[in-house]
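When the chains are written out, they are named A, B, C and D in that same order, and each has its own residue count from 1.
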Amino acid sequence: MSFGAPYFTLPEFTYHKPKTLKEALELLDTYRDEAKVMAGGVGLVAFMKERLMSPSHVIDIKEIPELKRVEYREGAGLKIGAAVTLSELENNEIIKKKYTALYQAIKKAADPIIRNRATLVGNICEALPWVDGPIPLIAYNAKVEVMSLNDVRLIPVSDFIKGPVEIDLAPNEIATFIHVPDPPPESKSTFLKFNTGSEFALATMAAHVVGSVKPKEVYLVYGAVSTKPVRASEAERIILTSENIKEAIVEAATKASQEIDVVSDVLASEDYRRHLIKVLTINALKSIFEVS
Amino acid sequence: MKFEGKVVISSEINKVWDFISDPEKIIQCIPGIQEYSVGEGKRVTAKIKVSIGFIKGVFHASSKVLEEDSTKYTAKLSLTGSGAGSGFNGIVDIKLNRMDGSTELIWAADVNVSGPLGSLAKPILEGYVRKLVEQLFDCVRQKLA
Amino acid sequence: MSFKYIGKPIPPHDAFQKVTGTATYTIDLELPGMLYAKLVTSTVPHARIKKIDVSRALEVPGVVKVVTGRDYPYRVGMYAGDRDLLAVDKVTWVGHPVAAVIAETLEAAEKAMDLVDVEYEELPAVFDPLEALKPDAPLIHEKMEEYRHSPAFKPVPGTNIANKFTLIKGDIKKGFEESDEIIEEEFHISHVSHCYMEVQNVIAHYHLDGTVEIWTSWQNVAPVRQIMALSLGITHNKIIVRIPFVGGGFGGKAGLGWEALVAILSKAAGHRPVKLVLSRKEQFSSAAVREGFHAFAKAGFKKDGRFNAYNVKFILDAGAYADYTVNVGRAVGYSADGCYEIPNIYVESLTVYTNKIPTTALRGFGYPESHWVLEQIMDRAAKKLGIDPAEIRLMNLLKPGHSYMGTGERLREDAGDPKKVLTTLVDEIGWGKPSEKPSHPWKIRAKGLALFVKGPAQPPNAASSAILKFNEDASIDLLIATGNFGQGTITALMQIVAEEFGLPLEKIRVDYVRDTHKSAYTWQTVGSRGLFTDGIAVLGAIRDAKKQIFRVASEVLRCPEDQLELVDGEVRVKGKPWEKIPLQDIVMGYTYPNGNSVGGPIIGRGVFMSTHTTYLDPDTGQGNPTIFHTFGGTAVEIEVNLLTGEINILKAVEVLDLGKVINPLLVKQQIHSGLIMGTSISLYEQIKFDERGWVINPNFTSYYLARIKDIPREVVGRFIETPQLDGPYGARGIGEHTMIGVAPAIANAIFNSIGVKMNKLPMNPENVWRTIKEQRPDLVEEAMKKFSEHRETVEMII
Amino acid sequence: MGRLITLTVNGIRRSVEVKDNELLLDVLRDKLKVKSVKAACWRGECGLCTVILNGKLVKSCLVLAVEVDGSEILTVEGLAKDGELAPIQKAFIQHGALQCGFCTPAFVLASHKLLEENPTPSEDEIKERLSGLICRCGTYYEIIEAIKDASKYYQLGRKPR
């Protein structure tokens, strides 16, 4: 990932590799604003090369044992540590089986070599408009666990990402885990990404529906179209209240393409993105409701 | 990108004018200023730390007085700068109006953010520049209060 | 005649080095005591430089020197001669190098470069060449008349026109009057970057004694030396230019590079070697890229399909420097008529300065541009006249031995078989046969084709030479300056030497480093000329060496020279194969049993010199610009997603009349890869600028290149071998040709099937979607309807 | 002010002093002189700096050198075994799966790794697994052919070095 700085080298910093979470939190508590936490480093190193970050201290949490784990408990769901790479998640059978949208998003994130280093938590902490990770997570109502020396907070991913490059994380806090609730039975989800002829997506979406005949919950979440992930709540309502889902799909998709704040940028124009939102939404809802 | 504003400073007009027309003074009001130097014709060069969200970049900026009229209390400055492979440039107009015991400072800025950062993150950067200019004049108000 | 090496699929000669990671590129080199340079570049598009303050940069520990343009106000270049080393009085684009920081480490240089304070006084800037042509436009080069430009070009001082090229044939006015159908269209292409993987980088060592050693990632040694010698006033033999392995060129490493600048940096830094490596961002904003253009075309056809009149105006957006682009402008102009015989032609090609990144050659050199226009005109005309696109091409095709091209050049009898190219192409793509059903109802399948002809764009006197040196064991060192940046030319030349001497390939060696001091002179390896020109020179050297060998053998074997032959590394008497001498007994001189010796070390030399090419008339473009022409064609079958604008190439066919296949493996490789690069440039690539002239996508995330997943599903390469009688074994060049036809073939496929005109590159999903929506909104609506009503399980439709 | 790290590069233990802000790419190239590891973007986009770090492909321009203390690194220099090229290297030569050669070390290494993990990849899998690398010369068809051809040797279970 890059923007446009001409540097080869990184700014100077001191590297720390704590062995425990406590040690990491203590370091962070000491250096605060001067420090940055690194897991895979994919985002951080790139940001440093671009001179968009110049921390004096880098705290590498890669070797902290509890952050390297993925746990799943029925009913409670998934708990993904901050040092778990996307490749590890890609090979996780539970994710493949139960969290379709998340699995698809991971499979489509960056490229397989980057995925060997990049982490899901890191992906979310980048808070860049086009990253894939947050989109399915928001559709699953996932929460980020944030820790400081004397506090633990659980924040919905949708609130955690406040805007581009802005997250709800204090200087002394580490985003340690992601909790993804166990999808109820009769839950279906999917993730779609449009990035033909582009490294960054021009539009992504995750759809998650609970209840196949009469939906009880509907999540339609979009990425890469706005300054942060957005939900199409009116479109969701159309699906929730519809008597005939087949009929409602196009209506919901049209609504989604209208209700969201959409940006124009170097990758795509607003009207094309709105069009893509409609196409993606129809596609996603059709595959969820298996219209045939 | 154009924007404007005004602040009322509870200080008399000459005092305000002296403050804002003295680079050594007004520069103290630039948020994130790290280093600066004042050259010929009040040309200021400065290193400014820019914080947007968790991004903290350093911009090298300079400003120059294009027009200055101490009888009418008007000034026009140009700004240019670059950092992280992108740039910005702009014009700031300032006018002071004498009010009853205080001074009204009216400003208008026209700022462009250019380059790859600007194109990917225009709304963010524009919001940031707006905030920065607002902070600057608010600081003037506070310093002279 | 059967060959042992010619026509055989022999792997690239340097493949072993490349797969083992032992191939050394300039970027891998370090010299003792080497310093690192970093450029300070302009952040404004057009401005006077009022002051440069380097004092704070000099305070950074490790910084040795900061050099600015005023220290060395040289003006350099190959064709237009318009380039400075560092901006002297004013900057002319965002990215223009203003100063160079030299330091003990790259880290120190990168710290210091931010601390150079440049004070600018901005000037009005101009970004569109059409605007730049207006009389009141800001002037970018005020002193154009002082530049040392090549006589082949016509700059217009006092304007922003770096070169004005005109081609006139017949009577254009009458031509249109006598035409039955007139087609008028406007076309555009975007700036694209070469994106060779190895960035431009140079090491220069300006020795105390005035000798300059250069290591550079560049295509050719000779022009580097020539430009440096002329601009810095150094004797040629005191400049030694070396080029090791090169990580790609595509025309972007031809002509003028950074060598003169880095040489003066080395001098300024107390004669220590200095290395400059561009970052990818600098490649996209400070080096040269391919130009963009506007083209205004008007074509007149007779009712029966004959192409009667062609008027086209090309306005090239050359950016701030047009040193090489003036020649691209010339090539776009004289190749405007492609493979067709058109009696009345009027072409004007203007290479225009703007305040944007400078431009240069890119694979194809003006021909992809001219064919993007012409080959679409052919299909537009075909539709209007109700003639099949293949048919209308056939009708107007140049006929070798009969036809005259736009420049007045008579097409030689042996120039190839364009008709066979077309018929083969038509066969291979299944022209006229309907495509299979598209994969989804909101997609369409379509076929399109484009023909092309191209010769090397070069000065009329561009020469090559070769030296062939035998070693004691009759192994051979071939000393040539032919550029080696992936095309496979060197392997082919080695095959020729092995074939001619009947020696195993392992006995032929071409060094991996080109060196002005050691390699024989070659003007440049560009324009797909290497195999042809340098092959002729190598064959000359072979003949010369053989003559020397036969002279000695004739004496030793007591047999007339014309009775001797060279077989399997032995000189034999024809008809008496037992009377023979192995080559190794001759190549250092033959020694009789008593010690008397004759002959001596064998060194062959050969040259290529074009004798029939001319400068083009400055007012009419008439003359003979090229040494050979290669005809070819590209046909594609594509699937267009009307919903999203995505284009998927299902099959791409390329047919080339290359005279003779020296190495089928490497020719196929060139075809395949040219189709891929053509696909990438047609569908994705575009340098984007903002309103201040900044490049806003200077990286591989927002400037997209075709990856392995984006390649056409199927590619077919077909060769036709109509020998070029003066070519090596009859061969012609094809390196660039392979990508010329891709873009117009795709656009034609879309036009033929749904009548939508794609006049703009790239044809990325958004542009295609938008164009279809503008011209055929019904299609997009219908696609959306079909998509919404689709009754199968929808998966992976995007 | 640096720290000494020790790592195994192509089977050989190497110790090197590095600064905290140095990248693995630069330490490999500039200090350990492992020059097969190339770079074209320095930002994780082109993949030419790819090495195998503790059994996994990574882009070394995004890895800090200090992180890899004690690690094992394999580059293309380490693929040949007792002077004999790995099957994938031979296949790249045979199929002309290279042009300028600048991306070749990365493609060879990634293809080798792919075949080790999956000796019979489908064409789609090949494309997916190599999608993080760029070959501007566009030798992709030949690379695919080389991988398919070398597949048989990896099926026979050639042990990685």
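Keep in mind that, in the parts below, contacts are C-beta pairs under 8 Å (C-beta built on N, C-alpha and C of every residue); 3 or more make two chains touch, one makes a residue touch a chain.
Being a predicted model, the structure only gives us computed values, none of them experimental.
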Leading chain pair when contacts are tallied as C-beta pairs: C-D
Chain centre separation (subunit A, subunit C; CA means) in Å: 43
Subunit A and subunit B, separation of their C-alpha mean positions in angstrom: 37
Between subunit D and subunit C, distance of the C-alpha-averaged centres to the nearest whole Å: 30
Approximate Å spacing (C-alpha centroids) for the pair subunit B, subunit D: 50
Junction residues of subunit B - those touching two or more other chains: 58, 83, 85-86, 115-116, 119-120
Multi-partner residues of subunit A (each touching 2 or more other chains): 1-6, 8-9, 199, 266
In subunit C, residues with contacts to at least two other chains: 279-281, 688, 695-702
Those chain pairs that satisfy the touch definition: A-B, A-C, A-D, B-C, C-D
Footprint of subunit C on subunit A - complex, ascending: 1-9, 192-194, 196-200, 202, 249-250, 266-269, 272, 275-276, 278-280, 282-283, 286-287, 290-292
Contacting residues of subunit A [partner subunit B, same complex]: 3-6, 47, 50-54, 127, 162-167, 169, 227, 263, 265-266
Complex interface listing, subunit C residues touching subunit B: 43-44, 53, 94, 114-115, 117, 119-120, 122, 281, 688, 690-692, 694-699, 702
Contact footprint of subunit C on subunit D as seen in their complex: 29-30, 35-38, 40-43, 45-46, 48, 75-77, 79-80, 85, 89, 92-96, 98-105, 108, 126-128, 130-131, 133-144
Subunit A-facing residues of subunit C, complex: 38-39, 41, 106-107, 110, 277, 279-282, 285, 643-644, 646, 683-684, 688, 695-702, 704, 710, 762, 764-766, 769-770, 784, 787-788, 790-795, 797-798
